[in-house]
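Got a structure for you, written out below as structure tokens; questions coming shortly.
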């Protein structure tokens, strides 16, 4: 059969396949099994100075009742309209004004909250309330009742991170409202840290999928980083980088999203790094640069930036800096997919 | 502000958001976090009698050289053009003709092969060759060199299952050819079963992500099911249903795809069942019905059918039947997403 | 055969067996496999007021050079001459005088130190020094270099707990001196708590058999107990009882010895409890009673007492009390041997 | 103080300590924490030709009723009167005559049975009966009802291995009779192998402490060894040595006793090996030598021999040989105590 005849025969064959819900793999295989990660996800940065007004403007357009959803999605410019900051993760900036309450609900999706601006709002999880401050990392675990409110006199903005695209892929989303504004509180403030976060654990505890320490205050995290920085320059690529841990397993605090905090000493100039977990960073303190192939992004306090899977990057700190970050590494490691390369051309 | 003015203000606001890669969550939230699984995935069946000719026709249109990709994708009718049989899984029927060899390669994606028709082709994995027969379940683990060929005188068709959409979501695809048609063999046939599958394990073995028993012959599986059926009717929903296991951990044989084999006694009429893992079935022996809400599908030997996430279904066996199946339950359990409900209206 | 003839025949048979290193099981079986735990281990208490002088007197009889071994073994009165406080555990009170240094060494045996009296001596483990205070719990892990000294101006007495009988049973004791008085220090004070004990962990950490947090300061433990006591009366038998945890696994801090700290509110009157792990208690604060079948022991600050396996007991607190305790439960759980019963006759 | 005065003072001090249940550590420390394993356990061999008559003679002195205990303990010559073959393990040879039944009972101690002579007796565990043949390895798990009998027309002798000294150390022995000769059978013969031992597992299985495959027939084990020997000479010290595995975890079949089977090719001359797990060997096939420092023991079929902890040894096979063995390595690994050295002076 001559090539053109073969092509015609194939086309005709493909048309006969379609009604049987069959399709030729050989026409699409190269886009399904790629030699390297090949998504449309792009590096991007959201400068807080640029977007802060728009975040706060949402407060005038969305009522207190809708406040639960008063979030600006950080959409990856390579994935427009998909409500994703990476292929597998959702991120947004949520505004909660003084006096507001978001009704209690729960959903399959795990969520993290990282406080970007403001002090004094609270989140309640599993019968315990925690007051949030800048730099605090708070978890609302999968299928756990949670609600929040702001009894302070200043607005709060936090970075929301959710595993929405993961739950979509597995088609396993469930959600329901509690039917009340706030869950009833059954444990004193500070109970979960005392119970799980001070080197002790309940005698009969069994491993939990999500860390029962649902609030990791920045004050404590910062002090730990400060002590560690006294003894070491840290990793060549990452400086002093630690993961938030689940004390019942030693694993990541959230089963679907790895969360990290890192200190870059002033003048730190990291080596090039790449890994398969596209990563979202939020700048807590300091200023510096993200160096990418053919591009440099300047970051400062409260900025959010994202580095795609397998994209080589370097971090440079112009002053002592602290960066929060999260990625899907927690899942990739469980599935045997995660890879990294240190060094190489930046 | 009157509602219409508010709407206008919002629209204008949304337009100002876009250049900053921001989007309003409140417009899309209900489609992201749904009260129940809500994908477009549909139940479907591929009757082998209907599609067999098209599968074999591929042999005339795709050369031996292209044989590695001579697969007809089973596309879910609800997800056209996406090369998916469920939201998270790929499935296809692969044809390999006598005398053909598919060159050795490896990729991040895990693959399973379940032999639907034919006997005598081989798969080689990690230096060991195994001859395949109908009903055999063979694994090509993530990032492991594998090649196959057909030294018999009959064509073989197997069902391919891969975690392609999962690897896509995490943007972690890697692939490479070995550069040779076949890997060199370093272990005698039967070595992996003797080493890992006979109740023994190497003294110093550490847990493996994927079962080192890469071939589970049907002869042995069938005999086990027969013994078990002597002592029990099995589960009310599933009959005698077993998972293929990784002997180094007790977990699923593949870290991303749970695989099962089940025997339904003649006359078995299962209770209604639903779970969040959309499941692909391949009929090894027997005949029966899949009863869905408002629809019944008749299945027989070599047919493939799929049940979406959270879709209630019942299995009825008109004669003693054996069904192979696979799903993403292995991942959902690791992430804490998996749910099931037994009974209820079908 | 008449009974007496049979007995004679058996005796003669037994004598013929002996040269072949054979012995009749039926003569000893009832003492080997008993219906309930049946060791000679007895309940006992060491009142600090009674023994303190003798502990300090050791300082005049044992030189600084011998100080490493200047320990009074707490010998269970039912197991005289065996250097055991329970069938499986060793305990002793160690005295270290101002200016003394104990040379660095390591051994297979895991050791715990619980400070009973004094403040200011130090222990160094894995390149890090920690200053010890009353109520602190310090670990010297198996096969880890450790040394200690007293640079303060007061003597210190701590309770030593070791798994010596366990290592003896398995005939797996190894020990060696470093050849220097003190190991070189490579990490700043506080490094291990900052690295492993503040809710964070190194990104690439793998599970450790022994907690890398080698020092658990009482100040922090006491504060956690205080918070927990605000929200709960705790367990009916144990009050607020927590285990010291290994943050890399969620398991016990030491793989062979479970360690606990418990707060009994003033007036606490516990229910009867028994378990298979004979337990050693050291009183940090308060006063109360240990009620045993037919016997009551009065305990106060710095006293040590032991409850044998399966011995029913009740704890009564006459004032708010804090008790440190340790047992072999960590091993028994791993081996599937551990049992407990709550309630029942005291 | 002059030395002699010091000695006198110390003696007097020791006497004052005793009434307080205190003892000086410095007098005994060197025997408690030794530089290397230092127990009295000795290498020993029991030639079956020598002891077979005495084993069978027990049948004339111990009635059917007492048959449950008709066992000759293999006492280590270095540990006389202790009913131990190593410091931590018990071993014995049990005789069961045609027609006898041993009443059902259970105990905390785990037991293994390895058939040395005879075919056709049975063991029943968890409602399933298995017929035993020479070379079969059978488990009676901790606290599981078990009974056995001999419905064949020949006597059977098996090697019993129990963790009695371990249970003694932890003072955790429980035992009770069922009150009936035989438990009722609820599963057909072969059920447990089909359910757990053919590469499949029940879908919802959770890890089990002891392998649910309670019988490992020699026929299957031998065939696996034969296949493996085709592809490899095996380990330089051990030949083709495999562990019996728990398919629900990948760990040892029994949580307290590691069990192994090894094939030594004819002419095999192993390298010197030592490890901390004193090991008991039973010869299934073949003949050879055990070379120890200053001593050589000749072994043949059905002989039992023991190598103490840390004793260097070499195995030499004069013909193709198969050796069953067991040790406490399963515990030592859990506790972090296990060590081995390959090579070195024999």
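We just call them A, B, C and D in the order they show up, numbering each chain from 1.
In this section, contacts are C-beta pairs under 8 Å (C-beta built on N, C-alpha and C of every residue); 3 or more make two chains touch, one makes a residue touch a chain.
What you see is a predicted model; the values in this text were computed from it and never measured.
*Asks:* Give me the set of chains touching subunit A intersected with the set touching subunit B.
*Replies:* Chains in contact with subunit A as well as subunit B: not a single one.
*Asks:* Which neighbours do subunit A and subunit D have in common?
*Replies:* Common contact partners of subunit A and subunit D, which must touch each of the two, are B, C.
*Asks:* Measuring centre to centre with CA averages, how many angstrom lie between subunit C and subunit D?
*Replies:* Roughly 30 Å separates the two chain centres.
*Asks:* Can you compute the centre-to-centre distance for subunit B and subunit C, using the mean CA position of each chain? Integer Å is fine.
*Replies:* About 52 Å, centre to centre.
*Asks:* Would you mind pulling out the distance in Å between where the CA atoms of subunit A average out and where those of subunit C do?
*Replies:* 43
*Asks:* So which stretches of subunit A touch two or more other chains?
*Replies:* Residues: none.
*Asks:* Dump the list of chain pairs that touch, please.
*Replies:* A-B, A-C, B-D, C-D
*Asks:* Subunit C touches which residues of subunit D in the complex?
*Replies:* Residues 6, 9-10, 13, 16-17, 20-26, 28-29, 32-39, 41, 44, 46, 50-51, 54, 57-58, 61-62, 66, 69-77, 81, 83, 86-88, 90, 92, 107-109, 142, 164-176, 209-210, 255-256, 276-278, 308-310, 328, 331-332, 334-339 of subunit D touch subunit C in their complex.
*Asks:* Can you tell me which positions in subunit C touch subunit A when the two form their complex?
*Replies:* 187-188, 190-191, 193-195, 197-203, 205, 207, 213, 216, 220-221, 223-225, 227-228, 230-231, 238, 241-250, 260-261
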